[in-house]
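I have a structure here, written as structure tokens, and I will follow up with some questions on it.
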Amino acid sequence: MTEHYVIIGNGVAGNEAACHLRQRDPESRITIITAGRLLFYSRYELPRLFHEDCDWRDFLVNPVEYYVENRINVRRNSFVTHVDAQRKSINLAHKESISYSQLLVASGGATNLPAELSDFAPLLNRFNLYTAACQVRDILPKKGKVVMLGGDVLGLDLARNLINEGYQVILVATEQTFWPHRVDPDERKLLLGALTDMGVEVIENAKIETIQEGAPGMSARHILFDDGCEIFADVVMPFFGLLPAADFMMGSGVDFERGLLVGTNLRTTDPSIWAAGDVCQIWSPEENQYRFYYGWQNVKKMGEIAARNMTGDDIHWETATDHKMYIDENRQIVSPYWEHD
Amino acid sequence: MGNLRQPVYLEEKLEQVRESGRLNIRSKALPTWCPGCGYFSIVDGVTMAINQLQINQKDVTVVSGIGCASRFPFFLDTYGFHTLHGRTLPVATGIKVANDDLTVLAIGGDGDAFAIGGAHIPHAARRNVDITYMVFDNGIYGLTKGQTSPTSVLGFTTSTSPYQNQDRPLNPLLMMLSYDASWIGQSYAGDPRHLSEMITQAIAHRGFSYLHILSPCVTFDKTSKTYSNLKAQVRNLPDDHDSSDRMAAIGYSMDVDTPPIGLFYKESRPTLSDKLDLIVDKARGRNARASG
Amino acid sequence: MADHEIRTIRLDENEDFSNTQSYGQRIVTPVRFSTDPRDIGWVRENIPCQTACPADTNVPAYIRTIMEERYGRSYELNRLANVLPGVLGRICSRPCEAACRHGWPGNGAPVAICHLKRAAGDHKQIGHRITEDLYTPTGKRVAIVGAGPAGLAAAHDLTTLGHDVTIFEKEDRPGGMLSYGIPEFRLPRDLLELEIHNTIRLGVDLKTGVSIGSGENDVKITDLLRDYDAVLLTTGCAAAIPLPLRNIGRDDDVSLSVDNVENGLDFLMELHRGEEKQVGKRVAVVGAGFTALDCARVAKRLGADDVAIHIRTTEEYIPVTKDEIHEAKREGVIIHGLRTPVELLSDDEGRFRGVKFVQNRLGGWRSGGRRQAIPIEGSEFDEPCDTLLIAIGQKTVTDILDVQVDLDRWGNVRLGQDGMTSIPGLFSAGDFVNGASTVVEAVGHARKLSVRMDTWLMGRERRKKVVKISSVDEPLRQRSFDFIPRQEMPTEPLSERINTDNKEVETGYDQTLALEEAKRCYLCYHKYEIDIDNCIYCRACIEVAPRDCIKMVDGVEIKGDGTYGSLHEASEWDKVGAIWVDNNECIRCGACFKVCPTKCISITRNEIFYQDL
Amino acid sequence: MIDSAMTETDIQLMFCGSAGDGTIAVGDIFKRAMAEAGFKVLAFDIYPPEIRGFGKCISRVRVTSRQAYSLKHQSDILVSLNDSYAIPHVSEVRDFGGVLYDQAPISAMAEGEHISGHLQPGQLPYGVSMREVSDQTTGGSKAKNIVALGFLAGLYDMQREPFHQIIRDKFKHKDPIISESNLLAFDTAYDEGVSTFRLDFIELGTPERQDIGSKVQMMTGNAAVVRGCLDAGLETFFGYPITPATSIMEDLATDLPMRGGRLLQTEDEISAIAATIGAGYAGARAATATSGPGLALMVEMLGLGVMAEVPSVIFCSQRGGPSTGMPTKTEQSDLHLAVFGGAGDAQRIVLAPTNVEGAYKCAGKAFEMAERYQTPVIVLLDLYLSNRYETVILPRQNPFEADSSKKRSHQERGVPYHRFSFTDDNVSPRTVPGEEGGIHTVTGLEHNELGRPNDQPDMHLKMSEKRHNKLLGALDHPGITIQKRFGDEGKVDVGILGWGSTFGEILEAMLVAQDEGISCSAMKVVMLSPLPLQPVQEFFSDCREILIPELNYEGQFANLVGSAISKPFTRLNRVPGVPMRVADILDEIRRLAAQVKSAA
């Protein structure tokens, strides 16, 4: 029997793993399962939508032929509902079940939305997927006004792009601002100052009372703060960092806290199930706790480690130092998490 | 409500069905008729009859023409011959003449029997070929997706009678009574118990037996011969009906509004094979055997 | 078969038809009573909500009566199983909903069984008539110790069985945890008092403020055993388990020695006794049950800014409803997972200033689908806070006993086969036996124990469990009902909650919502059967089936206890012995019934019924 | 002139499902809606012989702004209504094309049974809640097809209105609730489609509007036959249901009585042709329609028609043979039977249209010719042409002569009537029953000018000459193209000679070859009997290499041509039961062109 490697997730970790799996086991079957409808594309490139005429084909990391040549079956538009670790099978929402010999969970992170804002979810726009990004592009008028809640590095990347294109950006700063950077109060002050210099309007210490749809003919969104202040905006977007997207692992028996808990070899508590990327919490022997690591390079490395260990190697994740956000000579803020291949 | 009076438990019932052996007479493949088709009832009835009469499956040959009903041989585990449209009876006659030991069932729909094949019926009947001819009458052409048939009722609307059928339907039982068929009965697909009983009798009869089976076409007939209409119409022949009384049978056959089901007419007379044997005997100069 | 009898009974012998025009007429319907294990097993396998309910509530029946807008009848059907429908319609742990067939994969969300239970109570007529089947007085006297859910349930059942019941309650008001442990914003007190009163007014002698124990002024168990024919202990688990910490003794309770550190249960009980309670700005709660959540939400209402619940495992494994977690989070409560408190922190002046936690990882499985938490060495960290509420569990208090009864290794009372403790005539029920569990489990246990007590008191069994099978003429559901989404429970807006501290958060279904939700119930007590003798195997039913619920079968698994297991499907025509409704997959939509050409599909209603012997 | 801002449209959809899924029906709604919107449509359905429940159905629809001649080999969009049938066809969808399928089917399935696992990397998946939406809106799963259609229409920003109109029309004979619930299903899915982000690169574009002064219509070959019959004044029709000709009778059953005509469904083909000839004898324009097996039954009676010189029109839509063969598959293998079938020397006129518009023309002209030349006329269609949809422009003026019979001149009146008199054009003036002074008898026996039986050798010779030579007049019959040449003029390297429905594929292949720089030309022959020999011979002499592609095993048309012309040619015979692939013809053209080059 040839091995069947199944990868849940079509991002950096999953695709990096698929690539290594193919190199190390040329005979095997490799299946990537993803809820999305597209092949692997770079989310880092999405802000390009605001200054170029481009579509998803321009964001593809690998050409279509790559998947044919490497016999990587990307099952798109497929939703995993349950993983049965005992029978080594995966149930998909359309009632098909797929068996695996080794499973890599690399389903990444979903946009975090704090519970107190959950009531307003329908009024918020995301920027996590190509389709969501296109939606923002399509509804945002020229020189339109964007309100960012939180302001993690993904949001700040978008913010600097929007500013350059002449849009207005208002940042409602919270403790998740600069996520996943750990920023002390002094640093925070400096960075927020730099943001203001760049043209971002920063609002600190404000608590949102409600978000409403704007009146007809007015701006599309209306935000009210508890101190009575209000803002009108065309788009309101939450950037509170990412939460692991692995609800389908509930009940599988694999240990799970906020993310899948894995050892430094990226194996979960099930010998045939591995995890990599934003979905996993890796044990850090130095810090004596499970930790998340973000960014293209980190995640890519995880994909490689998982793939190699799945095929018999025994290599380990080494705790990476946290990246710092800094201000460059042009008074622009820079995050190492923005770097990608 | 039956299960309140007499509790039924699945495994006991399954055992009973399996023990009977009638499942073995079915094909492996599922019938391709539309779900709900009355013809399913007929397959079931035939398997029960063959089973009950303890006829060896290999000695059964089913001959049919073209049409939904004529798919029948494919759904039994017996010998079968799916011939041309309307040409069922000549083929069946040939088989019977060649081998008198076979139990030959001829199957056709109302179109196959009375439209294109109508010319053959009187001759098969008067010769008293020892076959069982079952006509599944749903009053419509199913295989060509719903046109009128010779037994479609007056006023029936189909794709070829968009201004309603203006021709009176045939009365097959009356025809058969006048064609001299030696066993004539009628049953209804919605009453599986009665149906299997009638099929059993028809097969058991020696001579040309004609069983007319009323059955709905659930796909193309939503108004005329539906289960609910037929159920409301059919009634049993009175218990005191004398099946040797042809005039009485003719009387009942004329009742098309509330068709009676049961055995209409039955007589015993030499079959085609008997007569062929007689001719052989005559040709060889021997005395004819005692007739009958 | 002797197991079956056919009787013709008047329907209103068991059912109240007072809201229909047929009252007074003789309505007869054929009914079969069966004790066949296959029929009893069917009910157990096919009515998952009822099977999951510790009190054995006939859920489909009460939801069906809501559909008929007979709220009073629905409420009474609930009372047959538990005496506190309005209470459990709010705070039940809802094991039924976890089991509900509507919540199975592919079927959508479970029916809001609990919310409907509440709706039955909310919308019954004012002056609604209560139905009690009262037995002739037996002359037996029973003493019940503790007027919590278990005590009240037992008091009700024993009274209706004809016994004279006296309840001794230590507190000023009856209700136990219901009165003292659960905040008013989850359970309004006027409702609680009404439902308790419904039991007491049957003739129960309730003595409050009477302490049972070994103290000087206490009433002694031995006295009770002497004065009564039987004594039932339902004192529950009213003692908080102390928080184990490093550097303190096993039985030391920090809540007694450190200011601003309290046991959550005591905190709630004192609050409900009417004491003024205060919390600091930052409140930490440790524990993972309803008590922990209640403490956190109360703290929020008492003015705390930051309230966090610290749990040892993760949210996935804590035994509370998801709704409750969601509401708490909406009110601003934060939940931190994988941490265990190890030390209390204090400032230079010795004042409590926070908790030292250790990071955990998940370990092996514990019973009930829960997980172990294993501390990670050296991963301690400090969490500053002003108030600590400890809600890590409750235990029984056995020092009230002046007699020696056998206990199990967890310190709970051990019962014999007949439901009796090791002391003749002394029974026990509820949390006092089972350890801290849920209200519905306490009620259910007390109910079962009452029957055993009755058997012991009377010297014979008086009732027998049978399946009552009655025919149903046609499907009572429409396919469109299956697409109604689960109706969300309306709640007070956040702004209305914190400032008006005791306003009930959930406002209840109105009649429209209740009707919509009731329609969703599959009415699993309906059983669809095919008469094989009349089936022509035409598959018309399979064609219209909404799910893979009608199967071609060649056999059925019979389990060791004589009940049915799964169907053996056949794909080859010559193996298909029957076409059969897989009632486990069946969602009772009635599509097959309508389409069958030979009308060979029948529907029966299958209900657990207690026959007098 | 095409506005440069207008996008040229050329998209092809494929609906694939099991019989009973409404595959063909949904294809029908789609193409009608597209035609309604002003596009050119070419469509062809494939379905199984079973009534329902089993078997694969495919409906392919090509939507273009300018006329297309055949279906494309790769579709832009596949809609799966049944995954097990659709999976083998996934490879027929182009890169960056879309695949629509049911997101939540009813029962659990093993790995690989769902179509989403079979998509090629470049193709784009669109999961649609077909069953669920159908269930919610109509209370059953029957409207899955409508849901798929609604989603598709929403996804590609098609206008709702044409679809609404066609759906209403489709259900107009049913309970209005059914129509409404289907519309609701369509709209619900449409909204879902609109809100679904489209990722493929399929643009519908805009239809090319022409001011043609006449309504563009979309119809099948069989429908065109019906229109031709009606425009030519058909009075009586007799028929017996047979695939793929049944719909001619079905449509006439509705339409003919509206014009005062009469239609009778006879008990078999034998009686159908008999009644047709009887009506023809009585002077009515009469016709029947059948397929190969029915024609085989009719040939005896056809012989009577030839012998008795009674006009009749027989439409024969060919399907896979011999015998019952492949009733729902297309083939061009009844040419021998149509041209030669029957007892004795029984020559008749045989017309074979190449497209839907031609089917209309031939149908109408067949009546003129039958009447004018007093003979049975067979119009030879095939399943592909009978069932395929094309948008056509029918002339505003009725192009057919109402009465083309040769009547007795004034001078001839009063003298004894010779029904079979010898004349210059070999056609005898004819009377019909009821006409004064024209009483006569016809018979299947050989006869003299009076119609009396006569078996003298010279009479049989003269009558045989008469019966054959009178048909030559049909070669110059006005108003009908009996052959036509396309492509390069004059001497060419490769010439393709074709007939019937396959000529569409031939024309597409020839156009591609021309674009590739191959000197080539194509000729269609519409009249197969009598054969227009002279233009065919000229074509042969103009072309260095000749290719004759046809959908039969024996090369029946090639045999017909080869028996008259001695020059060698190449045959291309295929019997797949489906239309010939353009690529196959093109390969052969390239091969022959290379052969010519290397010889030079």
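Details
Chains: A, B, C and D, in written order; residue numbering restarts at 1 for each.
The rule is short, and it goes like this: a residue touches a chain if its C-beta (ideal position, glycine included) is under 8 Å from a C-beta of that chain, and two chains touch if they have at least 3 such contacts.
All of these numbers come straight from a predicted model, not from anything done at the bench.
C-beta contact counts were set side by side for B-C and A-D; B-C has more.
Measuring from the averaged C-alpha position of chain B to that of chain C gives a distance of 61 Å. Chain D has its Cα centroid 56 Å from the Cα centroid of chain A.
Here the CA centre of chain A is 41 Å from the CA centre of chain C. Between the Cα centres of chain C and chain D there is a gap of 71 Å.
Shared contact sites, meaning residues of chain C that touch two or more other chains, fall at 106. Within chain D, contacts with two or more other chains are made by residues 104, 106-108.
In chain B, 33, 35 are the positions where the chain touches two or more neighbouring chains simultaneously.
Of all possible chain pairings, those that touch are A-C, A-D, B-C, B-D, C-D.
Across the interface of their complex, chain A is touched by residues 95, 102-114, 116-117, 119-122, 124-127, 197, 199 of chain D.
Residues of chain A touching chain C in their complex: 81-82, 91, 95, 115-116, 118, 250, 255-258, 261, 269, 283, 287-290.
Interface of chain D with chain B (complex): residues 50-54, 240-243, 246, 249-250, 253-254, 257, 263, 265, 267-268, 324. Interface residues of chain B, counted against chain D in their complex, comprise 32-35, 66, 68, 84-86, 115-116, 118, 141-145, 147-148, 150, 159-163, 219.
Put simply, chain C touches chain B in their complex at residues 1, 4, 6, 30-32, 34, 36, 38, 469-471, 529, 531-540, 542-543, 553-556, 558, 564, 572-578, 580, 595, 597-598, 602, 604.
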